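By letter and in written order, the chains are A, B, C, D, E and F; residue numbering begins at 1 in each of them.
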Amino acid sequence: MLNVVVTDPPRADLALVDMLAGYGTATVHEAIGRRGYLGPAIRPVQAGKRVAGTALTVVCWPGDNLMLHVAVEQARPGDIVVVTSSSPSTDGYFGELIATSLAAHGVRGIVMGAGLRDTHELREMEFPAWTANVSAQGTVKETAGAVNVPVAIGGVTIRPGDAIVADDDGVCAVPRVDVANAVAASRSRAAKEEETRKQLADGILGLDLYGLRPKLTSVEYITAAEYARRAGEIPE
Amino acid sequence: MLNVVVTDPPRADLALVDMLAGYGTATVHEAIGRRGYLGPAIRPVQAGKRVAGTALTVVCWPGDNLMLHVAVEQARPGDIVVVTSSSPSTDGYFGELIATSLAAHGVRGIVMGAGLRDTHELREMEFPAWTANVSAQGTVKETAGAVNVPVAIGGVTIRPGDAIVADDDGVCAVPRVDVANAVAASRSRAAKEEETRKQLADGILGLDLYGLRPKLTSVEYITAAEYARRAGEIPE
Amino acid sequence: MLNVVVTDPPRADLALVDMLAGYGTATVHEAIGRRGYLGPAIRPVQAGKRVAGTALTVVCWPGDNLMLHVAVEQARPGDIVVVTSSSPSTDGYFGELIATSLAAHGVRGIVMGAGLRDTHELREMEFPAWTANVSAQGTVKETAGAVNVPVAIGGVTIRPGDAIVADDDGVCAVPRVDVANAVAASRSRAAKEEETRKQLADGILGLDLYGLRPKLTSVEYITAAEYARRAGEIPE
Amino acid sequence: MLNVVVTDPPRADLALVDMLAGYGTATVHEAIGRRGYLGPAIRPVQAGKRVAGTALTVVCWPGDNLMLHVAVEQARPGDIVVVTSSSPSTDGYFGELIATSLAAHGVRGIVMGAGLRDTHELREMEFPAWTANVSAQGTVKETAGAVNVPVAIGGVTIRPGDAIVADDDGVCAVPRVDVANAVAASRSRAAKEEETRKQLADGILGLDLYGLRPKLTSVEYITAAEYARRAGEIPE
Amino acid sequence: MLNVVVTDPPRADLALVDMLAGYGTATVHEAIGRRGYLGPAIRPVQAGKRVAGTALTVVCWPGDNLMLHVAVEQARPGDIVVVTSSSPSTDGYFGELIATSLAAHGVRGIVMGAGLRDTHELREMEFPAWTANVSAQGTVKETAGAVNVPVAIGGVTIRPGDAIVADDDGVCAVPRVDVANAVAASRSRAAKEEETRKQLADGILGLDLYGLRPKLTSVEYITAAEYARRAGEIPE
Amino acid sequence: MLNVVVTDPPRADLALVDMLAGYGTATVHEAIGRRGYLGPAIRPVQAGKRVAGTALTVVCWPGDNLMLHVAVEQARPGDIVVVTSSSPSTDGYFGELIATSLAAHGVRGIVMGAGLRDTHELREMEFPAWTANVSAQGTVKETAGAVNVPVAIGGVTIRPGDAIVADDDGVCAVPRVDVANAVAASRSRAAKEEETRKQLADGILGLDLYGLRPKLTSVEYITAAEYARRAGEIPE
C-alpha cells in the first residue's frame, strides 16, 4: 500500500518501552523467543549507546528521501524512525539536518535500512543511529512513498508502533502486543544471566550448569594420537 | 595505458584544495551536483579526520605493490595517494613503512581501493587512510603498473591532480577544472545549511521549509483503522 | 571427523607463543612466508589489542553453540578459542556469559568464523575477540560437533595447538611446528623494519632502498601532454 | 509468533491467481504499483518457467528443515511453498525428496529464501524452484518453527494465502486482497505494452511516446568538442 | 609450506572414486556425515555433468597461474585439479589452453576457488569445471606457490589424493581414508532414498515416514482467526 | 558533468570493431595488455553470444531510467548501450520494450551496470545483454542524467565510442584509439594460441612450451613422506 501516511498508528506504551532499554538487543531478542533481530548488516554509527522507542516507519524510493520529511510531521516523542528503500540502495538518505529536525520533535534515534551520512556530526549531536551503509551520496526529494506502514528489514517485519531496542549488537523489534511480556521476560532473563555469570566466573562448566552432557552421547573423546590414526596422517 | 608514469600531471591549486577541506565529503559532493563520491565501500581507518589534497594515482597488479614505491618518487607536498589494483583484491598493499615514506615526502593521506594493514600504527602516526579492506596479507614487488593515469573506484573516474576530500563519510573526488567552483558552491551550501539547521532546530518542518507539500498530491493520509480495513486485516 | 573431542592435542610452546605477541599479525604473517592470515573478513571487536595464544578449535552446527560449552572443559591457560560453523552462518554463538566462563579457565580470547554478540560487554570485560559478524541472533544447544580438530577459515587451515596472533589487522595462524622459526623470523623482520623505517623517514626512496629500479624496465616516464596525445584526448 | 501452524489461512482465489500466471513477474509487479518483488537474490533453478500459486509460508531454524515436513501436511493444491530461515543461511533445506512429496499434494513450486539442492533432479522432475542459494549442505530435523505466518524476503512481507508469481525474472508476491485488482491491472498493462511495443518497433522514440521531453529541461545537448573543452581535456 | 611440490601423494583408489560418481554431491555429502561440501559459492560452468576424481591441489599467488603449469606435470589420469589463490582473487587463472593440456594428461575436470574463463570453449570441449567466478581477467606466470599440499575452500580442507565429487549442486571432498566407507554409505543412502521417494510420491507424509511428530510438542496448531487475535490485528 | 548529452562522440571504426567480435573478450583483453575487462560481476543473460559494437554510454539516477530513453535518440547502428546508475542499484532499468526500441535503431546489445528484466523475452528476441543483476523491480522516469560521457564499471572507465566486446566470459572495453592495434594484436594472439593448443593437446607441458622452469628455482620437489615429516604430522 504505497503512497499512504497512517496518521495514528497505535504505539507501544512508552513506559514499558523505556523499561526495555535497560536490557539491550541480545537479551530482549532472547526473551521473546529469539525473534525480531534485524540482522548483522545493521550496525551502530556510535559505540556504547542503548536506546528504545516506538517505530515510526518510512518507505522511500531508491535515491529519494522525500518521505523522511513527511515522517517528521508524524513524529511523536519517544519514536525511533525506521527507514527502508523500496529496492536495495546504499545512498545517504539521512544526515545531520534531518537529525536536527527529528530531535526537535522528540525522536530518539534512527534505524536505516539503506544508508546515511554525516556520521561525525551525528556522534557529536549524540543522535543515535544504526545503518546498513554509511554513504555521502545525496538523494533527491521527488517521489512519494509511505509512512507508518509495515516494513521489512533483515527478514523481520516491523509495524508502526512496535518497540525498537538498539545497541552495539544491532537492532531488535518487539511487536507492540508483546511489549509487556517482553519486559517481564527480559527482567527474568537478565536476573538468571546474572546468576549464571557468577557461577561461570567461579569456573563451573556450562556443560554442568545447563545439563548439556546428555546431548553429547554421540561424541567420542579421543586422543590426538587416535585422531591422527583415523585421519590417515601417519606417512605412508 | 599500462606501464607509464606521468611525471607532471597538472594538479588542482592547493590553496583551493585546502579550502575544500573545511566542508567535508557530503557537502562537497552535494555542492558539485551529487558527483564524485567513491561509494560506501571505502571506509576510514581512523575516526574524526577530514583532509583534502591532490590525487596521485597508482595502478597496481593484484598482490603486488611495486608501483606504490614508484609513486613516492612522484609525490608532491599536498598529494593524497589513490590506489587501485588492476583486478579485485583485498590484500594489504600499504602499511606503516610506506606511510612513513609518503609522509616524509609531504603526502597527506591515502585512499586505497584494495586493502591496507598496520591500522594501529597508522592511527598512532596520524597518517589518514581510507580503504575498502583491512588485510595483513602481504604483497610482492614484481610487476610494473602505472602512476598518474586515470583510475576508477566505486564508479568514479579519478584523474591525477583532481582534488580529493575525505572524512568519516568516505571520499569524494572533484575534477581539477571544477575545484574553484566546488569551493564557492560548498561555501554557499554550508551557509545555507547553517540557516536551515537553525530553522529545523526550531521545529519548522522540512515539508514547509523546502516547499515539498506539492509533491505529495498522490499521498493519502489515513487512519490506522482504515489501513487495516484496506489490508484485509480483519480476521475472517 | 565429526562428533569427536580431541583431549590432548599437542600445543605450541606458550613461552614461544608469548614472544609472537610482540610482533603482531602483519609481521608474523610476513615472517613465515606470507602465510596463515585468516583474511579481511575477520575483524576485531575492540581496538588496540594484540594477543597470542594456542588454538582450541571448535566446529559448531549452524545456529547451535553446544560445542562451545564442550570446548570450555578442554581449555588450557593460554588458549585462544577458534570457532567455525559447519556451514555459513552469521548468528551470535558467543557472548559475555561464555566469555566469563572461558576467562575463568585461562582462555585469552576468541576468533569467531561465524558471529558473536555482547560486544559492549566484551569490551568492558577486556575479553579480546575477532569475528566475521556481530549478531544478537541467539543459538540453540542441541547438535554435537567437534573440538580440537582442524578447521578452515578464510582459506587457512588451523590445527589445534597452532599459534594464533591477533590484533587490529586481523588474525594469523602459525603451524605449531613453525612457531620457533616464526619467533626468530619475526624478530629479524622487526629489526630490519625498524632500520628501514628510519631510512624512509629520512626521505630515502623505497625504489632505492629495496633496489626496485631494475624491475621498471618496461615502464615509460612520460609527460602529461604525451599521455593526452596517446589517449586521443585532443578534441577532434 | 514462533511454533505455530496456522491451519486455515484464507487463500487468494485460485482462478484469479491462475490468470496472474499469464503476465509474469515484471508485469504484475508494475501493475500493482511497483511492489512485491522479492529482489534480485532469488533466482530461478530452471529457465523458461512461469507459475503462479498461493503462498504456503514456512519459517525454519538455520540448518533445520523440520518445518518443511510440517508444511506438506498443510498444503493445498495450487500452493507455492515460500520458505525462510530465522537467520541468514545458505544450506540446502529442500531437494528432490520433499519436491516429490509436495508435488504429490498438488504444490506448484517453491520459493526458497535460504538454499536448496538436487537442482538437476528438480529440473528433470519439472518442479519449479526459485532460490537464493544452491547448496548440497544438508540440514537436520530437530527444532520447531512456524507454518503459515507472515515471512519477509528481500524487504517484502509475504502473508500466507498471498498470490505468488514467479518466472525467469524472479518472484513477486501479491497481497491476497489485491489479487483481483492485480489481474485487471496486469491485463490492462499488458495490452498497453503490446501497443507500445509496436510503436517502438516502428522506431518511434520513447521520448515522444511517453512525453518525456519536458523532463529534460535541465539537459544540455553539446558536441564532443565542447565536452572536451569543459572537461579540461586539452593538454596543457 | 609454500614453494613445495609433493610428487607422490597417495591417491584414493580410482575404482572406488568412480563408484562415488554415481551418487552425486548431495548424496555423498550426506553419506559421510554432512561433511566436505565446498559451499554454495563454487558453481558449475556447465549443466548436467557429474564427475569424480582424485584431488591434485594447487596454490597460486593472486593474479598468477604459474603453479597450474607446474601441476600439469604432476597430473595422473583420474585427477581433478583443485585450485586456490593465496588470497582472495576473482581473476581468470584457467581457460581452454590449460584445459587442453590437462585433458591431454588424463585430468577429468577442475575446481577453481578463484576464477576461470573461456567458459564457452570449456563447454564445447566438455571439460567439466566448477568455479567461484567467471572472469576474462588474465594472470601472470611469475611467482612460485605449491602443488599437492592441503588447501582450504569454503571452510573445507582438501588434501591431495582426496576424492572429489562434483555436479550441478557443487563440489564435495571426501578424505582419502574415508572413500571406501563413503561408497558403501552412499549406496545405502541412495537405496533408502529410492524407497522414501516412492512413499512420498504416494502421498505419505514425511512427518509420519520419518517419525517427526514427537518433535512438534511445542507447536500449536491454530486457526487464522486465532492468529490474528494474538497478533493484535483487529483494528483499534 | 551531469545533465549533458554529447551528440557526436567520435566512434571507433565499425569495420575494425566487427573484426574484434571474432576474438572474444578474453583474447581481446589479453591482446591489449590485460586491460579493459569490466569484471566478473557483469554476466551474460544468454549463453553463446559474442558481439562487438561502439559504446553509447548512459548515466541514470538510481531507480530512474529516463536517460535510457534519451539514449535511443542518440543511437547509431553498431552501438552497444553501456549503462550505469549514479549510485549502486540493482533495479530493472531495461527490458523488452526498450530492447525493441534499441533494436529498431540498430543497437546491437546492452551492458548494464545496474539491473535489467524480461530476460526470457530478451533471449527470445535475441537481443544480447550483459548485466550485474536481474531484477523485475521497476524504475521511474523523472530525473535527468547524462548520455555519452565517460562511465566507470568494475574499475574500468569507458568512453563513448570505445569498442565493446562481450561474450560468455563477460565484457571488455577497448579505447577508441587502440582499436586498430587491438585487432592486429588479437589476430596475432589467436594464431599463437592455435599453435599452442596443438602442442598442449600433444601433451607438451606448458612448463617447457613457455620456458617456465627457471621461475621455479625456489621450489622444492619433495615426497609425501617428507611433507608429512615437515608438517609434524607423525602422531606424538
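Everything below uses one rule, namely that contacts are C-beta pairs under 8 Å (C-beta built on N, C-alpha and C of every residue); 3 or more make two chains touch, one makes a residue touch a chain.
Remember, predicted model here, so these are calculated numbers, not experimental data.
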Please indicate which chain is farthest from subunit A, where distance is taken between mean Cα coordinates of the chains.
F
By mean C-alpha coordinates, which chain is most distant from subunit E?
B
Counting shared numbers against all numbers at the contact of subunit E and subunit F, is it over half, same, or under half, different?
different
Using the average of all C-alpha atoms in each chain as its centre, how far is it in Å between subunit A and subunit E?
36
Note: subunit F sits from subunit A at a C-alpha centroid distance in Å of 40
Taking each chain's centre as the mean of its CA atoms, how far is subunit D from subunit E in angstrom?
28
Considering subunit B alone, which of its residues make contact with at least two other chains?
3, 10, 34, 37, 39-40, 86-88, 90, 135, 137, 142-143, 224, 227, 230-231, 236
Based on which chains are in contact, what kind of graph results: line, ring, star, complete or other?
complete
Residues of subunit B defined as touching subunit F within the complex:
2-3, 33-35, 37, 39-40, 84, 86-88, 113, 150-153, 155-157
Within the complex, subunit D is touched by subunit E residues 24-26, 29-30, 34, 37, 39-40, 43, 47-48, 50, 167-170, 172, 193, 196-197, 200-203, 205-207, 210, 212, 215-216, 218-224, 227, 230-231
Within their complex, subunit E touches subunit B through residues 61-64, 86-91, 135, 137, 140, 142-143, 224-225, 228-229, 233-236
Which stretch or stretches of subunit D touch subunit B in the complex?
10, 175-177, 230-232, 236
Can you list the subunit F residues touching subunit D in their complex?
1, 3-10, 66, 68-70, 72-73, 90, 92, 95-98, 100-101, 103-105, 115, 117-120, 133-138, 141-144, 148-149, 160
